[in-house]
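Two complexes are shown next, each including chain A; its partner changes from chain B in the first to chain C in the second.
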Partner chain A sequence: MTAVPRRRRLPVRDRWLAYGLLAPACVAVALLVAWPLWVIVQMSLRPGRALELTKLLSQPLGFANFDRVLAQPSTWAAFGHSLVYTGGTLVPAFALGLGAALLFHRTFPGRRWLRSLLLLPWAVPGVIVSIGFLWMFDASFGVVNSVLRRVGVLSTDVAWFVDADTAMLAVILPTVWKSFPFFAITMLAALQGVPASLYEAARVDGASPLQQFRHVTWPGIRGSAMLAVLLNALWTFREFDIVFASTGGGPAGATETLGILLYREAFGSFRFGTAAALGVLMVATALVVVLLGYRWLREETR
Partner chain B sequence: MKPWFRLITALAAALVLGSAPGGAAGQTVLDFPTWQAEEPGVSTWWKSLIAAYEKQYPDVRINLQQIPFNQFVKQMTVRFAAGTPPDIVHLPSRDFASFADQGWLEPLDERLKSTDIPAMWPPLQADMMWNGKTQGVLLMGYGGMLFYNEQRLKDAHVAVPKTPDEWLAAMKATTAADKGLFGLSTITAEHPNMVVEMASWVIGSGADWLKGGRYNFTDPAVVRAVDQWRQSVGYAPKGTNSATARQLFVDGKTAFLRDGPWVWGAVEKASAEMKPSLKITGLPFPVEPGGASNSLHIAAKSDARKKDAAWKFIVMAASPEWQHAYALTGSPAPRKNTLTPADFAAKPYLKVINDEAARAQNLFPTVPAVRAGYNDFATQVTKAGMRMISTQDSTPKVLADLQRDLERELPLK
Partner chain C sequence: MTPRWHRYAFLALALLLVAIVLFPIYWMVVTSLLPSSIVLSRQPPLLPPPDQISFDAYAEVFHRRPVVAWILNSAIVVAGSSVISLVVATLAGYSLSRFHTPAQRVAGATLLLSKMLPGSLIVVPFFVMFTALHLTDTLAGLILANVSVGVPFATWMMKGFFDTLPRELEQAAKIDGCNELQALWFVILPLARPGLAACGIYLAIVAWSEFVFARTLVTKPANWLVTVGLQSFVGEYLVEWPLLMAAGVVSLLPMFVLFVLLEPFLVSGLTSGAVKQ
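Up next is the complex of A and B:
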């Protein structure tokens, strides 16, 4: 049996230096993360409609904001919209990203250029993406309706962002366009870590391309892919700018996600306490997802 | 001195100088955000007024900032809530009460005593009173206007409408969606002004969605008026906000536009080919819908020196000279008898605008609970409006749901 080596204790001077070097990071985290979070939790526990922070924080503590948030139908509708929006974005974005990663893993002329271009949608701000898609999908003057009418797919113009039946699809499309490069780049990096010898061995054993993907490629990129899914799910769940800039949560609440509802409560109805309660519930939901995802990831990569 | 020490000293000096308030030493800087800083017509008036003010008071500088209208109230709310309000507060009058209710605005009764504003302003100035104190000066009371494209009406063989039914028929006759031509420019996307569009039809018909201190959305007269608004939207391009609606009209894509008189400034900037066809008249409703448009205020939290400087600015804006200049932009000035017969002769459209303003009935709710919670009210009404635009749900059903939601979210008693 080997003895566990004892951790060497640093001299006092080095310890102070270490703490000193860590201090700016700790202060930054405390100021930029912990303090705002603490204020939001405080606000969520102060019922009432005072808008000024000082007035709001002087009101008595209570759970009325949470009662209101959990009782109002719009919260659950927004939660449902957030789930549809997140799922509706993740599945196609992942599929497109995986397809693009597999394509760009191959060698062909112009690959480097195209790889750079692939990243472009991810770098474009959400508001700009929304404006672009609003123009293209405009009901009366948009290119999409024009093309679909010319080829006979549509007989009348569709108000993509205004019709309650198509609005969710209309906001998912730009989100997918913006999200898929992240999957592509993450999985492309993971693909480059899969040893070429494994493919050679698989080919020698007579594995088909599909079998090679299933038994060599996927086990090699699974960890990275799952991490990318988890991160993207969290980003999409709290996504705000694309939905806000394109539909503002409408029509008639058809695309009102939790982020939009929170904004409306705070700046439309001036109920900062209720908005903070919604924010706390969103953080709690995200935390549960992260904890479950982390556990799952750990088991996957063990 | 070591180079790194010199660099740090220079950086520190730059930081200190950079954080100092703008303007020359001892100069008072008044922060003035508005949604009209770039609006054709009225923006010229603001800039000229500021230049004249700064000339008269060289120790004061006004920092004019443009904020888009659909973000304006939200940004002001954040600034007030954060304790950093602007010094000159310009508000859409419909939102005044929700700011006054928070105690954010300075009572002006004492200051008003030394001016002729109480005597020379219309009864709508009473809207600037909250909790028994006057907290603002009305800058514009208006009547809604009908802008129309004369050539498009001639092409469709229809006359300028005189009734809501004639207007709907004219919209239908001028719509050719397959050619990208529509009968009406109006808001068909989530936008704070959708309430104004709907209210114009309701108040214009002589009905009211708030009656006897109660919500009245299920009244058959209200249902009929809202249903007519819904029909009108069928002749308009979908997904349009107010800026796009105006542009489509100016570009000749739509035959009619219902809007405030201030839009005349944008119409006058139409292309030489289009401009002769674009005309203005009163809305074809039995009752002229209008109301208090916007107003000037002082933030209660400003320091005394800035409050005095901001008040001098308001007094200057309310002076006969500047009210006359304001009225010439096409925005009805609240001061009585501002325009002369010579002005009307030179610019006939000013007569139409002023006549409509004079007979306008307030389309904004006057019930205190709705005034204080106007954003909630507008959000619910807009949601119902969008539901009527984007689904097949019947108008009575949508309005009954709206009444139920408002009674729950914004009770009147």
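Up next is the complex of A and C:
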């Protein structure tokens, strides 16, 4: 976001037009973003288990929901799972995305079509991603175990999504698959912004390909790369579909992230208050990360 | 210049990478084309034996499950929410691009906030609100829920496109006797067509993939969307994989066609929005 320079006030006619064009969006945001947010904050501050809006808003205010959420061990376990899930997705997705971007920045025949195909996982709904990976990683009939058995890596059948030791890895893999195209797209665009003359100068100076990457490519794309990491971290931190549709948070809570725990509190136990309190804490965490990341990003790109 | 063999080396690498990345989709297709007797084997063949290929799983899944109804429901929600979001976002994006108002800061903050809101959180107030308004179990409710996600990012994306069009265009149109709205309609919008296409397909893919609203705000199986319908297979005692994969492939096709045809628009659109902001 760039700062808007101060200008003199708009002429009346333009002001009508400016706000008139904005009006539908303002209505949509007020009704569908601001109002729900207000309801969430209200819910989080009202202990008690009312499901109806009017009954809920007549409950007394208090911090009991937050006390409860912060005291229960499942919150901290879920927080830990969310961190492992987010970190475990970001690192390989970033590496794969950067590698793909560097490759597709070169010219070769058929690049346009191959690039479309490479980015295709981004368009696959999370639920279908889960279903596909559940099948590939099935203990007895899955193709992954079959290949690993044939190569001799596995002697027993690993139930990837069902075994508590492997379940986290099993939900991270499909998440990496779905999220790496975003990195590839943003870094491909950033690469196109690095002037070719810099590479020529580096070559004249006798820089090796690795040195070119370190001193020309990386400084040129670092800002975009870090922004992509930040946005993808936010996306993964709140990701729900893939985990819910594959393990549902199980086995025995081994993959229960904050998003899953929240949903279980709300629609499993119908404790909307604690679910809302958990959500407020989740958004607050994301906000702290964004503010820190944004400051750091601004210093990086200065 | 890159030597010729380099280009083919890059092509080979790219082909290898694409083959690995697309393997999960390939495996879905292969499973959907083979009978259970071959699929449920400890050593499934990596290449389908040509004489065993059949479309029986497709016929059967359409016969046994209301896949067509799910896809139609999804199509209604996708079309409704994408069109509403696109119209609202185009107007707002144009205003944000051309007039400096305090709304610009608010729009940026709203976008960021909506990127941080977990779907499983925002669905809680929607559930409570929609129950009060009798909007649960309706497709209209799902359309509204999707608009809530679509408008913030689509507005920002459209603003990015309008920023790339010079202001002189409207001034020229005004000299020719257009008023502001006519200038927008006759001059700016035709030029913004690639942007509208990118934004529309982005909205459509996001709405087509959406799961948590669809699962929570609609309970009657007749109103299920395709994502919810497919997920309902997984909890069953015996998952019929070829049928499930056939339904999955069918539900992927429309978005794949859109995506591959319009991907260049999408990439330029996404990046102009992502990098600038």
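Methods note: the second predicted complex is superposed on the first by the 293 of 302 C-alpha atoms of A that agree within 3 Å, B and C clash if a C-alpha of one lies under 4 Å from a C-alpha of the other, contacts with A are read in each partner's own complex, and residues count from 1 in each chain.
The rule is short, and it goes like this: a contact is a pair of C-beta atoms (placed from the backbone, for glycine too) under 8 Å apart; a residue touches a chain by one contact, two chains touch by 3 or more.
For clarity, every value in this text was computed on a predicted model and none was experimentally measured.
Of the two partner chains placed by superposition, only chain B is touched by A:V162; chain C is not.
After overlaying the two complexes on the shared chain, residue contacts for A:S116 are found with chain C alone; chain B is out of touch.
Of the two partners chain B and chain C, it is C that touches the larger number of chain A residues.
In the superposition on chain A, A:L134 makes contact with both chain B and chain C. Of the two partner chains placed around the shared chain by superposition, chain B is the only one that A:A254 touches, whereas chain C remains out of contact. Of the two partner chains, chain B is the only one that A:G268 touches; chain C does not reach it. On chain A, the patch touched by chain B and the patch touched by chain C overlap at residues 51-54, 134, 138, 140-141, 267, 272. Across the complex, chain A is touched by residues 74, 77-78, 80-83, 98, 102, 177, 180, 182, 188-190, 237-239, 373, 375-376, 379, 382-384, 386-387, 389-391, 409 of chain B. Residues 2, 6-8, 10-11, 13-15, 17-18, 21-22, 24-25, 27-28, 31, 39-44, 46, 87-89, 91-92, 94-96, 98-101, 103-105, 107-108, 110, 112-129, 131-132, 144-145, 147-148, 151-152, 155, 180-181, 205, 208-212, 216, 227, 230-231, 233-234, 241, 244-245, 248, 251-252, 255-256, 259-260, 263-264, 267-268, 270-271, 274-275, 277 of chain C are the ones touching chain A in the complex.
Within the complex formed with chain C, the chain A residues making contact are 1, 4-5, 7, 10, 14-15, 17-19, 21-22, 24-26, 28-29, 32-33, 35-37, 39-40, 43, 51-54, 56, 99-100, 103-104, 106-136, 138, 140-141, 143, 146-147, 149-150, 174, 177, 185-186, 188-190, 224, 227-228, 231, 234-235, 238, 240-241, 244-246, 258-260, 262-263, 266-267, 272, 275-276, 279, 282-283, 286-287, 290.
For chain A in complex with chain B, the residues that touch the partner chain are 50-54, 134, 138-141, 157, 159, 161-164, 167, 247-254, 264, 267-270, 272.
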